[in-house]
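Both complexes below contain chain A, partnered by chain B and then by chain C.
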Partner chain A sequence: MIYPAADLSLPVALAVAFFLLVGAALALIGAIGFLRLPSFYERLHAPALGTSWGIGGIMLASMIYFTAASSRLVIHEILIGLFVTVTTPVTFMLLARAALHRDRTARSHGVPRKYPIGPEERPREDISDEE
Partner chain B sequence: MLPYPILTISLTLMWMLLNSFSLGHLILGALVAVFASWAMASLRPDKPKLKKWYLLPKLFFIVLYDIARSNLAVAWLIVRGRTEGRKAGFLTIPLEIEDRTALALLAIILTSTPGSVWMEYDSYDGSILMHVLDLKDEEDWIATIKGRYEKLLMEIFA
Partner chain C sequence: MSAVIIYTAVAIAQFMLVVAMAIAAVRMFRGPRAQDRIIGLDTIYINAMLLLVTFGIGTGRVIYFEAALVIGLLGFVSTVALAKFLMRGEVIE
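Right after this comes the complex of A and B.
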């Protein structure tokens, strides 16, 4: 049985509204940053707003609302937060490394290059007797 | 019988979160989790050596706080718009941890914190390359990562 939202008590409604607005605002700012930041590497940082406390705020709001409205503990939203946190870095890293590889191959300026030749061709003594 | 006890417990817990906390689902979830951990064992991943697992909640709350703080910082940077003083850039940090699980955890922490992205780990000299949105103080970043996260991770995965 889920009660309608209008029946929530004021403190609960305020808490739900607060976390929902914080989460939504962070996701919006992240999207704006994704649009406006000048370089690719800088744009990588903006969506992390939505995937950290953006999702966190909305998750908390959902947990509070459904726990209060159905008068039982609803916390399975934690799984969404957990899996988003664990999986998005993989995507970010994949994009970042693809960009890094492209810029290094194109000999772009401003990209760190530790080894004078490509990282694939660096001298490695430690694997000489393998394979 | 249980090659990965933590994995089995987490899977059972996840099953019960998604269904309901009842005896029937405990049994069914445990059954699924045991078979899943056998499947995991046949992949033969490295077994993480958790030495001081009780420090994990401390790490969790430190990271939660830092992520909240950098959320505000990055949101403010974006809202304020383009400024001349800000400088984004790459940063190379030498690391001492070598445990693969600890490195993966550090990568997740750094990448899910807005304002810093882990770019690559060089196993040749054990250093990481990061991209930082607001590179005001290079030393400060290095000190934060080495003192705040790396030390704790080295204690946990000793």
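Right after this comes the complex of A and C.
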């Protein structure tokens, strides 16, 4: 099934082009930031630009294009957007925890030390405050 | 007129996504530690997924959407497995 672009109206084509360019530009900016930021924990933030509005813009463009070209509602691109939005924080949290663990075992500088968080290791005044 | 607009936008977007993939590949090959390489791989597959969706818009076929969905699923699983390997030294304990 091929839906050609020639029989679209001009506002629809402009909207599709706008969202495509916004999404691709944000993905490119995220990649440039990923290359240029100095430390790993700062570099972790940059690709999220591409996974939030990069994905959002291009999926929105695809939804508008196929809805207008096939003259029925086509929104299955929401599936990819939802999936990436749910999974990106999971992967980045896992990677950040893994990197923190590696930095702590390597005893490198600039890494926050590990505080005890279990109830048996907590100082006593915290427990008396809660009562 | 609208076809010209859409094809120009698709070409520019594909160029930008390919440049983003190349930059992420540079970081993946140069990255000082293993976690940088894993994030480089993550960025590369996200951009490859976006590139497939723009191919779908450019050709007007719906079939590219399914390939993008498969890339997204496999990329998530591979990144989580690699992060688990970095943290523990094993994937499945």
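Assume the second predicted complex is superposed on the first by the 111 of 131 C-alpha atoms of A that agree within 3 Å, B and C clash if a C-alpha of one lies under 4 Å from a C-alpha of the other, contacts with A are read in each partner's own complex, and residues count from 1 in each chain.
Rule of thumb we're sticking to: a residue touches a chain if its C-beta (ideal position, glycine included) is under 8 Å from a C-beta of that chain, and two chains touch if they have at least 3 such contacts.
In this text, all values refer to a predicted model and were calculated from it rather than measured experimentally.
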item	value
First (chain B), second (chain C), both or neither touched by A:P89	first
Contacts of A:L44 with chain B and chain C, given as first, second, both or neither	both
First, second, both or neither for A:I32, with chain B first and chain C second	both
Which of chain B and chain C A:Y65 touches, first, second, both or neither	second
Chain C versus chain B, contacts on chain A by residue	C
Chain B versus chain C as contact partner of A:A6, first or second or both or neither	second
Which of chain B and chain C A:A17 touches, first, second, both or neither	second
Chain B versus chain C as contact partner of A:R97, first or second or both or neither	both
Touching partner for A:H76 - first (chain B), second (chain C), both, neither	both
Contacts of A:S52 with chain B and chain C, given as first, second, both or neither	first
Doubly contacted residues of chain A, that is, touched by chain B and again by chain C	25, 30, 32, 44, 51, 76, 79, 97
Interface residues, chain C side, partner chain A - complex	1-3, 5-10, 12-14, 16-17, 19-21, 23-24, 26-27, 32-36, 38-40, 42-43, 46-47, 49-50, 53-54, 56-57, 59-62, 65, 68-69, 72-73, 76, 79-80, 83-84, 86-87
Chain B-facing residues of chain A, complex	25-26, 29-30, 32-33, 36-39, 41-42, 44-46, 48-49, 51-53, 75-76, 78-79, 85-86, 88-89, 92-93, 96-97, 100, 111-112, 114, 122, 124
Chain C-touching residues of chain A, taken from the complex the two chains share	1-6, 8-10, 12-14, 16-18, 20-21, 23-25, 27-28, 30-32, 34-35, 40, 43-44, 47, 50-51, 54-55, 58-59, 61-62, 65-66, 69, 74, 76-77, 79-80, 83-84, 87, 90-91, 94-95, 97-99, 101-102
Chain B residues within the chain A interface of the complex	14, 17-18, 67-68, 71, 74-75, 77-79, 81-82, 88, 90, 92, 107-108, 111-120, 122, 124, 129, 131, 133
